[in-house]
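Below, chain A partners chain B and then partners chain C, in two separate complexes.
And now, the complex of A and B:
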C-alpha cells in the first residue's frame, strides 16, 4: 500500500472535523475524496502533509509512519501538495515558483531536468516563465500550483479542489492532465467538490459527510450508487 | 552651491545608514511578522563592536589601519548576527503569536540591550579614530574620507543584500516565506531556519551601519533611539514589507532631515520628516511602494 490513513481524528479546538477516517491508496492509482463543504476533505490533506496534527490515528506512507512529522520533512519523503486556493507565490515569477517547488532537490542539473519535464506537461507555463505568478489567469495559476507540486518529483500528489473557479472547458483539460500525471507513475489523491470530475478520473473514491466516510469503493460503482447520483452528481 | 553639495553628501550618508537599519526592520516584518523595536540596538552594538576592537582592545593594531577596520566591522557583524539569532530563537519565537505579545517583548529586549550596553561599556560617549584621514576635494567642496568610506561601505552592503535576496535560492525562499509561509513549508522550506537567517542578516547589516558611522558619530548605549524612529518612518513611508520602499523611504527621510537641519534649523528637521510621513499616508495609506493585500 502506498498510503494508509488509519482511523484519524482531527480537531479544530473542540470541534471534531475528521471523525475517524481511513483511506488507502494503492501505488499508481487515482483516489478521490468527494463531499460538500465542511466534510473534512481538506483537513485530511492538511493532516497528511503535516500542516495539522491528528488527535489520534496513524498515517503510513511507503511503510513509514509520518503522522506528526513537520510538513517540510513529509514533502521530502515524496509527497507533493497543490493547496486549496492555489496559494502560488504571487510576487515570484513562474520560474521562481517552480524553483521553490524543487526546493528539496539540491542538484542544479536535476532541477533543470525536472523543470523541462514539468513544462512539457504544462506548455502554457513556459510562455509565462518570467511573469509574476500574480499576473496569471485563474486557470494558469491552478496549472502553476499543480506544476509546483510536481517539481519535487513526488510519488504521491495531493490535489485540493483544483477545479474551483475554473471554466468548464479547463475543468475537462484538468481531468486529462490528472490522468497524464498518473500515467507518469504518480499516485494521486484528489479532493473535489466537483464530484463528476472527482469520480470521473479516479480508480477509487470515498464519499465524506461531516467528517466521516459514508461510502467507499470503485469509482464506477460509486457513480452508479443511488445516493451518490442523487446528492453528488445531480442525476 | 558649496553648502548645497556638502549638505547633499551628508544627506546621502545619513540616508544610506538609515537604509541599513530600515531594510532589516522591513525583512523582519515581512518574514517573521514581527515589529521589532529592539532592532536599533543591533546598530548600536555594531558601533560598540568597532570601538571594542579598535580602541578598547586594539588587537589588530599591528595591521594596516584599513585592514584592521574592515576585520573589526566583519567580526562585529557576525557577533551581532549571532546575538540577533539567539534573541529570535529563544525570546521572539516562543511568543510569536499573537503579534502584540512579541511587539511588547521586543520593547523589553530593546531596554535590556540598552541597559546591558550601559553596564558593559559605561555611559560616556566613545569615539573611534577613523582609519581614513584627510579630505577629498571636489572643486570647492571638501568631503572627509571617512564619510566617503561610510557611503561606499553602505552601498556595498545594500548591493550584497540585494543580490542575496534577488538571486540566491535562500533569498527566494525568504521571499516565499514572506508571501505565504504555509505554502513555503509544503515546498520543503524549513521556516524556522529561514527565520534565523533573516534575523541574522538583518542584524548583521544594522551592525554594519553602526560600525560604518562609528568613526563619524559618537557611540553610546542610546545612539539608536532616534535612528530607529526614523527607520520605522522610512519603512512605513516606503510601504510595509517592500525593500525598495524601505530604501526610498530612508532617502526621503535622510535627505529631508539633513536639508531642513542645514537651511531651516535642526529643531524643525524631525517635525518636517514626520509631517511628510503623515502626508504620504493620508494620500496613499499603503505607503509609496506598498499595495493592497
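And now, the complex of A and C:
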C-alpha cells in the first residue's frame, strides 16, 4: 500500500471536520475523494501534508508513519501538494515558481532535468516561462500549481479541487493531464466537487459527507450507484 | 527593463559618489553629524524592513540598537576591550538576542510578535535603568572611549574629527546595504517575500519557514547592534532614554515614509525625514504632530512611499497622453 489513512479525526477548535476517515491508495493508482462543501475533503489533504495535525488516527506512507510530522518533512518523503484555489507564488515568475517547487532537490542538474520533464507535460508553461505567476489566466495558474507540486519528484501527488472555476474545455484537458501524470508512475489523490471529473479519471473513489465516508469502491461502480447518480452526477 | 536598471545604477553611483565626497565640500560638523545620523538610521530602518517583508512587525529595533550600544560600551569600559572587537560583538549579541526572542514568537501568526517586541522595548529599558553596576542606571554609561586609532602605513585615523566618524558610518552603511541586497536577491529573499501571502505553500514545498523568518530577524538585529555600538562610541555616552519605543516608532516611520517595496525606501525615508527634522527644528515641540500629518498624507496618497513618486508622475503623464 502506498498510502494508508487509518481512522483519522481532525478538529478545528471544537468542530470535528473529519470524523474517523480511512482511505487507502495502491501504488500507481488514481483515487478520488468527492463530496460537497464542508465534507472534509480539503482538511484530509491538509492533514496528509502536515499543515494540520489529526486529533487521532494514523497515516502511513510507504510503510512509514507520517502523521504529526511538519509539512516540509513530509514533502521530502515524496508527497507533492497542489493547494486549493490555484495557490502559486504570484509575485514570482513561472520559472521561479517551478524552482521553488524543486526546493527539496539540491542538485542543479537534477532540477533542470526535472524542469524539462514537467514542461513537457505542460507545454504552455514553457511559453510563459518569464511571466509573473499572477499574470497567467486561471487555467494556466492551475497548470502551474500542479506543475509546481510535480517539481519535487513526488511519488504521490495531492490535488485539491483543480477544476474549480475553470472552463469545461480546460476541465477536460485536466482529466487527460491527471492520467498523464499517473502514467509517469505517480499515484494521485484527487479531491473534487466536480464528481464527473473526479470519478471519471480515478481508479477508486470515496464519497464524503459531513466528515465521513458514506461510500467507497471502484469508480465505475460508484458512477453506477443510484445515490451517487442522483446527488453527485445529476443524472 | 534594461534601461531602467542602468538608470538605477547611474543614480546609485552618483549618490554614492556625492556621499563619499561630502566631507570635501563641507567640513561643517553640523552637516556631517546629520549625514552620520542618516547613515546609521538607514541601517536600523533596513533592519526593520527585512522583517516586515517576511510579514512581521518589529517595534523593538531601538532595543536591539540599545543592546548593541550597551554591550559595546560596557565591554570597552569595564574590560577595556578595543572598539574594533566590541563593534562586531555588539552585532552578534543583538542577533543572538533576536534568535532567542524570535524562535518562540515568529512561529505564531497574528499580533503576538508585535506584542512581544513591544514588551521587549520596555523590559530592556528597565534592565538598563535598574542594573546600575553594569549599565550605569538612569544616567547611562558615561565616558565610553572613542574607537582606537587605525594606522594605515603613514596615515593615522585618529577619530578626532567628525569626518573620520562619517567614513566609518559610511562603511558600515555600505556593508549593510550590500548584505541586505544580496540577502533579498537570493533564493532566501524570494522565499521571504512570499511568506505573508503563501506561507503554507512554501511549507508544503518543503521550506522550513521558521528558519528564514528567524534569520531575517537576526540579520536586522545584527545591524541594529552594529549601529548601536557605533552610536555609543561616537557620542562616548549612552542612556536608557536613547533607545525607547518612540525611537523604534521613528525608525518604522522612516521605513513606511520611504517605501517598503525596495531597499532604497528606508534609506530615502531616513534621509528625507531626518533632514526635515532638522529644517523644522524651530517647531520642535510640534514635530510629532507635523510628522503624524505627513505620515497620514503619504499613506493616503502614495502608499508606496516617497520612493514611488517618480512612478506616480510617470503614470500621471502617461494617462494624460
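As a convention for this text, the second predicted complex is superposed on the first by the 235 of 235 C-alpha atoms of A that agree within 3 Å, B and C clash if a C-alpha of one lies under 4 Å from a C-alpha of the other, contacts with A are read in each partner's own complex, and residues count from 1 in each chain.
Just so it is clear, a residue touches a chain if its C-beta (ideal position, glycine included) is under 8 Å from a C-beta of that chain, and two chains touch if they have at least 3 such contacts.
All values reported here derive from a predicted model rather than from experimental measurement.
Asker: Identify whether chain B and chain C fit side by side or clash on chain A in the overlaid structures.
Answerer: clash
Asker: So, A:138: does it touch chain B (first), chain C (second), both, or neither?
Answerer: Neither: A:138 stays clear of chain B and chain C.
Asker: Output check: A:38 vs chain B and chain C. Expected answer is one of first, second, both, neither. What do you get?
Answerer: neither
Asker: Taking the superposition as given, does A:75 touch the first partner, chain B, the second, chain C, both, or neither?
Answerer: In the superposed model, A:75 contacts both chain B and chain C.
Asker: According to the stated criteria, A:91 is in contact with first (chain B), second (chain C), both, or neither; which is it?
Answerer: The answer is both, since A:91 touches chain B and chain C.
Asker: Quick check on the superposed pair: does A:165 touch chain B, chain C, both, or neither? Answer first, second, both or neither.
Answerer: After superposition on chain A, A:165 lies in contact with neither partner.
Asker: Just to be sure I read the superposition right, which of the two partners does A:83 touch: chain B = first, chain C = second, or both, or neither?
Answerer: both
Asker: Does chain B (first) or chain C (second) touch A:148, or do both, or does neither?
Answerer: Both partners, chain B and chain C.
Asker: Can you tell which stretch of chain C collides with chain B among 5-13, 185-193 or 311-319?
Answerer: In the superposition, chain B collides with chain C along 185-193.
Asker: List the residues of chain A that touch chain B in one complex and chain C in the other.
Answerer: Common interface on chain A, chain B vs chain C: 49, 51, 70-72, 75-76, 81, 83, 87-92, 96, 99-101, 103-104, 148, 152.
Asker: Looking at the complex, which residues from chain C come into contact with chain A?
Answerer: Per the stated touch rule, the residues are 187, 190-191, 193-194, 197-198, 200-208.
Asker: So in the complex, the part of chain A that touches chain C is made up of which residues?
Answerer: It comes out as residues 49-51, 70-72, 75-76, 81, 83, 87-92, 96, 99-101, 103-104, 148, 152.
Asker: Which stretch or stretches of chain B touch chain A in the complex?
Answerer: 169, 172-173, 175-176, 179-180, 182-191
Asker: Note which residues of chain A are touching chain B in the complex, please.
Answerer: By the definition above, chain A touches chain B via 49, 51, 70-72, 75-76, 81, 83, 87-92, 96, 99-101, 103-104, 148, 152.
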